[in-house]
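Lettered A, B, C and D in written order, each chain numbered from 1.
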Amino acid sequence: MSKARLEAFSDGVFAIAITLLVLSLAEPARDTPDLGRTLRDQWPGYVAYAVSFLVIGIMWINHHALFLRMRATDRTIQFLNLLLLMAIAFLPYPTGIVGKALQEDHGLVAAAAMYSATTWFVAIMFSGIWFWAAYGRRLLVASFPDAEIGPSIRRFGIGTVVYLAILGIAFISPIACLIGHAVMAAYYILDQLTGPGETVEDAVAA
Amino acid sequence: MSKARLEAFSDGVFAIAITLLVLSLAEPARDTPDLGRTLRDQWPGYVAYAVSFLVIGIMWINHHALFLRMRATDRTIQFLNLLLLMAIAFLPYPTGIVGKALQEDHGLVAAAAMYSATTWFVAIMFSGIWFWAAYGRRLLVASFPDAEIGPSIRRFGIGTVVYLAILGIAFISPIACLIGHAVMAAYYILDQLTGPGETVEDAVAA
Amino acid sequence: MSKARLEAFSDGVFAIAITLLVLSLAEPARDTPDLGRTLRDQWPGYVAYAVSFLVIGIMWINHHALFLRMRATDRTIQFLNLLLLMAIAFLPYPTGIVGKALQEDHGLVAAAAMYSATTWFVAIMFSGIWFWAAYGRRLLVASFPDAEIGPSIRRFGIGTVVYLAILGIAFISPIACLIGHAVMAAYYILDQLTGPGETVEDAVAA
Amino acid sequence: MSKARLEAFSDGVFAIAITLLVLSLAEPARDTPDLGRTLRDQWPGYVAYAVSFLVIGIMWINHHALFLRMRATDRTIQFLNLLLLMAIAFLPYPTGIVGKALQEDHGLVAAAAMYSATTWFVAIMFSGIWFWAAYGRRLLVASFPDAEIGPSIRRFGIGTVVYLAILGIAFISPIACLIGHAVMAAYYILDQLTGPGETVEDAVAA
């Protein structure tokens, strides 16, 4: 029951944060001479919107898959989950900053770094939640196989390293960093769509 | 269970997007000399609000009817649904643009085209979700009649063509295009209110 | 099931609209010399926020009580409910207008009229939903007594007349109109708190 | 059933208010010369965001624990809960004010006082809800021990005094006041994480 309410609350925050992304798009000024052109020139804002939408969407699916494998939550999970949601709910802010920086071609390093730091924080929280739940089978459902615990913890750990690397790339090439975020989102989607049963969700469905 | 959570999440995004529409209305400036007149002159913004509210509301009812006919979801549905929600959550943005363009009588082609492109994308996603679920009865409930599969897929396909046509009209007469959106919303409402059992929802209720 | 989802969707819109009210408060400019005084001078905005919060909250309780007495919904209810939600979700806009008009002591007639027109529309929709559900016991639960149908329909009808009167008062004395809204909210709260079993909710609880 | 819907509605308001906090962060102006520095200089805004996120998150957990111990709600609870939510949904506003006042080092007393007054109001409502439910076991679940009623009411009462004291400190040292809020949040988290079974939630879980 408590777990169900935690998931419902988290789902709410995911749904609200993903829908608030649209507010990161600035409305054109009232006296815009060529509205069509202005709207077209804003394409980086739309790209940032779409990438962040997929990023939050995938995080939501991932969150779902994670909690499906837990038989209960405890206070540590509640606290880590609150920190995770804090970063998810923050994402619309750097999304707007990235969109505007791309459009003005100015301040991209700072924008990409802020965006990446947020996703890195999310990756750490996911890893922490899973480690706390899986280590010693503290909160795992009975059907989760022992042999999967180590690899799954490692996979989450690799995720935190990858996002740290993407954060580092922001200071060298912010464009490469942003492409990295799009690639990671695409990778998770493809993994979801084609994965041969190794993903968390598959194991749960099995 | 997974289907229930997907629907709950989608419901959340629909409810939030429909409620965020109000933020597309600009507040009058502080030093407005005649507030009554200013508020009256903003009538296109209210019309855009009302039409978009009905549009999203009908899409929500449609979404509901669609998922009632599926016995389960899979990852393709999850992904297509995420793209569908991406467009729904985007609608408050072009709604605000259309309201302002109507009010200033400036930039209407661009505004109407952006609005129509968004709804066209939504129509494509609805069609894609239904095709994926219905073709070969991949994810259909058992009670859905075989004879209805072909016609229902065709009906969704026609929807995508109609919205593409409305998008095209934006470049000829943006006003006609916007009236087209209002007519489509009214059509779906009337269809819902008077339809002789041919709509998706009827079949489910039966 | 369909009724449950309609209620859940409506609850979502109520919850979001009530929480968006806070966005109707303008943030003080960056260079405000005396922030304390500026925040104090904004008291009409806080009053508008609090009154609207109670208004939407009471509408939510009322909505709840209404649907508890229905055994099912149909398409007409779905459509009327969508129009009802359209007005509820609109309320943050006139709330902000009223708060600012009160603060600047300028444009109060227009602001109060817009606010009152919105609540009048809500009252009409409530009345329409109840009439459609109750007349001829179309959608009523079996436990609802026949003798209550006429009086309850009349009570909702009186509500629409009262809100129309409050709208009319806006053009004579906008302050009296706004006090009328506060009084109506207080009346419904007291009725909820002390009512001798005549309210909708009592009958359901009985 | 009515209690479940009240909790679902409250959860919605908590989830939306916590996610709207991000809108309290002002986006940098378009012509910012050094975006990285501007984003770094906004650190008080991020701190205010994080503290308020934890504050609302803890209030949500507390709300949850409270209602778990009630077997039903009545109209007084509904009304007090509405006032509680009114203050929760208001929090994004003073959060933004505090963040900006910290950043500009100007108006801190007013900002801290407004923030503290809001949390004090929340504490009073929590105390009132619990007193109404617990006094004379009016609405308590049967498993709640008699011996716990007095201490639990007193604990909530102490909470209101502490938040009043923090409000008073705002007028002497606003920084100390804000640290007080962070300490209170940390205290509740630690209490949640390490408490020896004396907290409300423990008793319920037992």
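Heads up, the rule we're going with is that contacts are C-beta pairs under 8 Å (C-beta built on N, C-alpha and C of every residue); 3 or more make two chains touch, one makes a residue touch a chain.
The shown structure was predicted, so the numbers you read here are calculated from the model rather than taken from an experiment.
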Worksheet item: For the homomeric pair chain C and chain D, should the interface be classed as same or different, according to whether the shared residue numbers exceed half of all numbers used?
Response: different
Fill in: Furthest chain, CA centroid comparison against chain D
B
Item to complete: Indicate the whole-number Å distance between the mean C-alpha point of chain A and the mean C-alpha point of chain B.
Response: 26
Discussion item. Using mean CA coordinates as chain centres, what's the gap between chain A and chain C in Å?
Written reply: 37
Worksheet entry | Multi-chain contact sites of chain A, meaning residues that touch two or more partners | 8, 12, 16, 20, 23
Worksheet entry | In the complex with chain C, residue positions of chain B that touch it | 7-8, 11-12, 14-16, 18-23, 25, 27-28, 30, 32, 34-36, 39, 49-50, 53-54, 57, 60-61, 64, 189, 192-193, 205
Practice prompt. State the interface residues of chain C toward chain B in the complex, per the touch definition above.
Written response: 2, 5, 8-9, 12-13, 16-17, 20, 23, 26, 75-76, 78-79, 82, 85-86, 89-90, 92-93, 96-97, 100-101, 104, 106-107, 109-111, 113-114
